[in-house]
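All chains are identified by letter, namely A, B, C and D, in their written order; residue positions are counted from 1 within each chain.
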Amino acid sequence: MSSNSFGKLFTVTTFGESHGPAIGCVIDGCPPGVAIAPDDFRRDLERRATGKSRYTSQRHETDDVEILSGVYEGITTGTPIALLIRNTDARSKDYAELADVFRPGHADYTYWQKYGIRDHRGGGRASARETTMRVAAGVIAKKWLREKFHIVVRGWLAQLGPLTPRLTESGVIDWDQVNANAFFWPDAATVAELQKYIDVLRKSGDSIGARVNVVAENVPPGWGEPIYGKLDGELAAALMSINAVKGVEIGAGCAAVTQRGSEHRDEMTAAGFLSNHAGGILGGISTGQHILASIALKPASSILVPGRSVNLAGEAVEVRTKGRHDPCVGIRATPIAEAMVALVLMDQALRHRAQCGDVGAIMPRIPGTMR
Amino acid sequence: MSSNSFGKLFTVTTFGESHGPAIGCVIDGCPPGVAIAPDDFRRDLERRATGKSRYTSQRHETDDVEILSGVYEGITTGTPIALLIRNTDARSKDYAELADVFRPGHADYTYWQKYGIRDHRGGGRASARETTMRVAAGVIAKKWLREKFHIVVRGWLAQLGPLTPRLTESGVIDWDQVNANAFFWPDAATVAELQKYIDVLRKSGDSIGARVNVVAENVPPGWGEPIYGKLDGELAAALMSINAVKGVEIGAGCAAVTQRGSEHRDEMTAAGFLSNHAGGILGGISTGQHILASIALKPASSILVPGRSVNLAGEAVEVRTKGRHDPCVGIRATPIAEAMVALVLMDQALRHRAQCGDVGAIMPRIPGTMR
Amino acid sequence: MSSNSFGKLFTVTTFGESHGPAIGCVIDGCPPGVAIAPDDFRRDLERRATGKSRYTSQRHETDDVEILSGVYEGITTGTPIALLIRNTDARSKDYAELADVFRPGHADYTYWQKYGIRDHRGGGRASARETTMRVAAGVIAKKWLREKFHIVVRGWLAQLGPLTPRLTESGVIDWDQVNANAFFWPDAATVAELQKYIDVLRKSGDSIGARVNVVAENVPPGWGEPIYGKLDGELAAALMSINAVKGVEIGAGCAAVTQRGSEHRDEMTAAGFLSNHAGGILGGISTGQHILASIALKPASSILVPGRSVNLAGEAVEVRTKGRHDPCVGIRATPIAEAMVALVLMDQALRHRAQCGDVGAIMPRIPGTMR
Amino acid sequence: MSSNSFGKLFTVTTFGESHGPAIGCVIDGCPPGVAIAPDDFRRDLERRATGKSRYTSQRHETDDVEILSGVYEGITTGTPIALLIRNTDARSKDYAELADVFRPGHADYTYWQKYGIRDHRGGGRASARETTMRVAAGVIAKKWLREKFHIVVRGWLAQLGPLTPRLTESGVIDWDQVNANAFFWPDAATVAELQKYIDVLRKSGDSIGARVNVVAENVPPGWGEPIYGKLDGELAAALMSINAVKGVEIGAGCAAVTQRGSEHRDEMTAAGFLSNHAGGILGGISTGQHILASIALKPASSILVPGRSVNLAGEAVEVRTKGRHDPCVGIRATPIAEAMVALVLMDQALRHRAQCGDVGAIMPRIPGTMR
C-alpha cells in the first residue's frame, strides 16, 4: 500500500502541500448508497480550521470541498470518491527566508535528508494542512458508522500544559460544553482560566503541549484483526501519524504500569463489564464497550522565541518563526483524532464483514462503563 | 496485506496457536546473501523464553528453530524463509475447564464474539507464545541492520509497578547490567529490591504492570515514509500489537504535554542536535539521532486472585487461573519490543532504498544526544 | 503484500524449495466455521501429483498434508491455517552437475542474475513443486465456494500440441470422461491417440505445449473490483503465474480480434444472455454466466535433447536433462489452474461482501450459455 | 491495496467518471529528482486521444493536465503527485435514454448488479476515459526508465480484424512508420488498405477487434518477483485490466501450445540468447532480452447495429448506440498498453532495488533477439 494511503478496504489516499495549488484525497472502497453532499464536510472542517479564534493560526481557508467523483446524484456509487480543496490563503513569502534553513523541531531537516529536495513553503507536505483531508474522509466514515451502527466518535481536550478539566466522578463528558467553546474543553468552570493561560503563552511567543481524548460509543464486539491488524495497533498507528503526536494510550494506558492484575482486568457479570481499563479492546478485538483512546501532543515548534539551528550549508543560524501559527496545536487536533478513529473503525467494519459476514453480534453485547 | 502479516517489503507472517502442533513464520522479502544458522536464533529466544527463572511462567519450551526454506548452504537466497518451532510442553488439560468460560482481561470473549469459535487452550492464537516468532524474525532483521548499518537495537525494563531503576544523569544505559539479570534491569543496586517485590507479588497471586524502553542506535537519517507510513506511526502499531501493551511513546512521549515549544524542539548546531525530545524522528522520518520508544504494559490477567466473569451461557462464574503464568509479562517483553523495532527499521530501510536509492546519508549526519 | 503471497483478503503465502526440507503455505483470512480435514486435500493433490502414470515425472511424493494451525476440532477458527508437506523423494544428486550451469528455458539464469545466489537443486523455488500448495489452498477455497454458493470450478485439457478433443456442438464437457483418464481429456474417442502421441514424444526425448481450459459455474453476478482489481485482471495474473504459462484468455479470448461487435457482444433477453463471448465478465465484474478461462502452456524445457547454454563462468556448455520430468507439463496444470481460479473467486467473494454486504444478487440472475 | 490503485511501490490511484467533473490520479512512491512538466504529458495523451481522426470517437477533450502536488519547481519531491484533467466535452444527454437500459457487451449490467446504483453517463467509471490517467502516469514511468536505464517501451497495432501488417523477416519494427499514421501501423504499404477497411466498417455501423504488441527494450536482467509477483503475471494483470482486452500473451504466447521443447527453449551461447520465445522473462524474472507482450482486444460494443437487451425492469429493449464511439478500440489502445507495461516495469525496478540493492546486472547481460 502506498505510504500516503490509509486503510486496507476503506482506503484514503491524500495528496497536496501546504502552499501548493490544492490538497485533496481519494477514498476508495466506500460502500455504495451513502448520501454525501458538500455540506456534510462543513461542520468538521470548521472545527479543524484555523483562523476561527485568536487561539489558533490566523491562516484563513474557506475549505470548500469539491466532490470530483464517486458520487452520483448525491449518493456514493462504490467508485473512488475524490475530494479537492484549493489553497487560497497561502502566503509563501512568509517562508522565503526559510528555504535554506532547517527549523528546529520541524520535518525540514528530515525531508531534506530523505529526498534531497523539499518544498519548504509552509512546511510543504509535512504541514498540518494535510489533516484537512483526514477530517473530510472521516466525515464519510462517521456518517456510515452512525447510520449503520449508531456509532458516535467524539473527542475533547483533556489537558493543556498544566491545566486539566474537572470531570464528574463517573467521567461522563458534557458534550454540550465541549461544543460550546473553541477548545473542545468539557469543563465550563475553567474555560476562562484556559483562555488566560493561552493568552499569556501567546504573548510570550512560546507554545505548549496538550492531551486529546477520543471515545467511540456503540462499537459492536468483534471488530479488529489479530495479530498485526489489531484494532488497538491500528488506532496507535492512525493517531501517532497525526502531526505532533508523541504518545498514544488505549484505556488505562500508561497508568496500567502501576496497576495490579486484580485491579486492571475488567470483570464481567451477566449485566456487563464492571469497568473498562481495557478501553474497549481485548486481544486486538473490540469488546462492545466504549473504545477509549488518548494522545499526547508536543508543543508547536513554530514559535517567536529564537532557536539555534543550521542551514543547508551546515552553518549556524538563528530561527524565529514569523508565519501564522498555533500556540497549542493540540486544540485543533480534536476533530483530526476523531477522524482517524472513525477511519480505523470503518475499515475494520468492512474487514470484519468480509471474513465473518454481516451477522452483527453473535451473543448479546455486555455493556460497559466509561473510563 | 493479511492481518497476520507484518511489514510491507520485509514481510513476516506468523501462524500457530499456543497449544497447537507448532508455531512458525514466513519471512518474505529478505535480501539475499545474509548468513543465517539455527544458532542465530538461540540467544534472543532464550531471552524471551519462559521457565528460565521463578519470575516467569514455568512452561518449558526448547524453542528449537527449524529453517524450512529460503536458506541455502547457510545463506539467504531471497526466497521466503520459513521457520518452525514445535510446541512440546503444552499442558492443555490445565485449560479444560476454561473451554466455556471467558477469563476476564483475556481475549477469550472477543475471539468468541468475532469468530463464533475459538481454540481456548492456552489462549490459542492470542497467547504470547506467538511472539516467539516475532523474536525469531527480529533476529534476522537485527543481523542485517547491524552488518549493513551498524544499527544496534536494545531494550531494558524501565519500570515495574512502582519501581524504577536509577540511571546516570546522562541517561546512558549500563548494558552489561541489563544483560546480567533476568529482568533486563539496568540498575545493579536495585535488583534485589526488584526480586523481593516480585516474590511478594507472586505469593499474593497477583500481577503488576511494567514499562519497557527500546533504543535504536546508528539509524541513518531519512528512514520513514510520510504520511501514513511514518516511522513513528509504524513503531506505534508494531509495539501496540504486542500482547498487554496499552501505551506507546516516542521520545519525550506523554511528557510533551507539559513541555513548552522552546524546551521540546531539539535545537541544532553544526556539531549536532542539542537534545532528543523528538526521539530521533521528525515528520515521521529519522533524524539520525537515537530512536527512542517506550511501552506501557498492563499486568497479566491470569492470576490466582479469583475474578467474576460469565460463561458461554451467560451465567456468572468465578475464574481463578491455575495455569503457568507470569507475575509481570513486562519482563519478557523486552526482547519482543526490540524485535518489533528491528522489524520496522528493516522494512523502512528497504522502502527507503526502493524510492531514494542506496545512497546513504545525503549530507553529513548531525549527531544527537540520548533522551 | 509480499511477493510470495496471493490474494487480498483470502491470502495464501507459500514457501519452500523443490529439494528443501518441506514446502508449505499459510492461508490467512479464511472465514471461521469451514470443516477441513487432511483428507480433503488428498483428491486434488493426487490429481496434480507426479509419478501416477508414465505420462508425468517419476518423482513420487506422498504429499501428506499436516495442518499446523487455524483448525480446531476439524473446523477453521479464523486464524491463519498453516499447511506443511515434507519433501521425501528429492534426488538432489541428479542435479549436482547443474550447480554451475544455466539450463535453457529455465529460471536458473534469471534467479542468479536477480539474487546472485540460487538453490539449483530441482529448480529450487522455481520448481512446479510449489504449485502443490496452490492446489492445497485451492481445496479450501473450492469447498467454501461450493458450500456457500454452489460454485463448481473445473478444468480440462483442451489441446496438446496438435491434438484437440472433439466436443459436442454446444461445447458441453463430459466431466466423467475428464475424470476417467490421466490427461483430463474430455473426449474418450481420442484418448488412445493422445497416449500414443505422448509415448512417441517421450521416446524422442522432447516435450510439447498444451492448452488448459477452466470453467467456474454458478458464480453470482457482481464479483470483481474495477479498475485494477478486475476479476479478469486477477485471473490473468493468477493463471500467468503458473509455471510454463505464456498466454491467458477470457471468454472469446484472442478470437475476439477477428470478431465484429455485432457478433461478440452478448445480447440479453428476459430469459438471459444469448451467448457468452465475454466469458462471464464485463467491465471486470462477473455477469452470472460461466466464467471461462483458457491458458497456453509452453513445452517443458527439461528434455533429453541436448541444448546449448553457458555456465557461471560464461563458458559454452551442452545441457541434457537427466532428472525426472514431464513430456507435457500442461497435463498436470489442470488442477493447478482450477485452484488459481478458485482462489481468485474466493478472494473476490470476500471483497464483494466487504464493500457491498452479504446480500446476494440484487436482481434475478440472467442465465448464460457455455462458450 | 485499494482496487483503483495499481503498483506496489510506484502506486497509481485513478479516479473519475466519463462525464463527471474531472478525472485524475495520485502517483505515490515516485523517486525524487525527476523533472516533470505539464508538457511532458502532451505527446502520449494526444496519441491516446479521441477526436484526432475520423477513425476514432469524435469526443474532443483538450486533456490539459494540471499538476496539483508532488512537483516543486519542476522536480518531483518524493511526495504524492496528483494530476487532474477536467472533463469538458461530456455530452451526457446522449446517454439520457440509456439510464434504465443495459447495453449489451458493456459493464452497465454488472455495475448495477454489484453496486445497486450506477452513473450511466458515458459508461461512468467503466469508460475508457479512465485510461487517460494510466497514460499520464505512464509518462512519468517511461521518463524515469529511459533516463535511468535507457529502457524504451513502444507498441504497435499488430492486427485489425483480418488485416496484419507485413514485417521484415527479423521482425524489426519500423518505428518511424508506426508514428507516421493514426493507427500505430508499422507497414506503410498497407495503411491505405487499413483505412479503407475501417471506413467500410464504420459505415456499416459495426466494429472490429484488434491486436496490439508492446516491446520493452533494455530492461536489465533480474526484475520480477517470484512467485506471485512475477513480471509476466503482473504484466498480464496490467494488460488484462485495459478496457476490451480478452487475451494476453508473453513471448511465443499461445503459439507455444504447438511448439516442442527443443524449439521453444531459448538456447544461450557466450554471445547471448539465440532466440526469444520466452519474451524476455523466465521464472517471472527478466532475462535482459526484449520484453514482448501482446494483447487481443474485443470489438467495441457501442455500435449502430441494433442489439437485443433488457432494462432495469427486466423488459426486452432494443439498443442502438448513438454516442460518439470508436469502430476499433484497439487503435487507441497502443499508448495505453505501453503505459501499463511501463508502470509494471517501474514498480518492479523499485522493488528489485529494495530487496537486492541498486547494483545493476550481476554478470554481463546476455543480449537477445526480437520475437
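Just so we're on the same page, contacts are C-beta pairs under 8 Å (C-beta built on N, C-alpha and C of every residue); 3 or more make two chains touch, one makes a residue touch a chain.
As the structure is a computational prediction, the values presented were derived from the model and not from experiment.
Trainee: Report the chain whose CA-based centre is farthest from the CA-based centre of chain C.
Mentor: A
Trainee: Does B-C or A-B have the larger number of C-beta pairs in contact?
Mentor: A-B
Trainee: Where the CA atoms of chain A average out and where those of chain C average out, how many Å apart are those spots?
Mentor: Roughly 46 Å, centre to centre.
Trainee: When the centre of a chain is set as the mean of its C-alpha atoms, what distance in Å lies between chain A and chain B?
Mentor: 26
Trainee: For chain B versus chain C, what separation do you get between their C-alpha means, in angstrom?
Mentor: 39
Trainee: Residue numbers in chain B touching 2 or more other chains?
Mentor: 1, 3-5, 14, 29, 32, 78-79, 114-116, 125, 226, 351, 356
Trainee: Considering the complex alone, what residue numbers of chain B touch chain A?
Mentor: 1, 3-6, 8, 14, 102, 104-107, 109-116, 125-126, 130, 159, 161-162, 206-211, 221-230, 232-241, 246-270, 274, 277-279, 281-288, 296-303, 305, 307-310, 314-316, 351-352, 356, 361-364, 366
Trainee: Okay, in this complex, where on chain D does chain A touch?
Mentor: Residue list for chain D touching chain A: 1-5, 11, 13-17, 20-24, 26, 28-29, 32-33, 66-70, 72, 75, 77-82, 84, 114-119, 124-125.
Trainee: Can you name the residues of chain D that touch chain B in the complex?
Mentor: 9, 29-32, 78-79, 226, 350-351, 353-358
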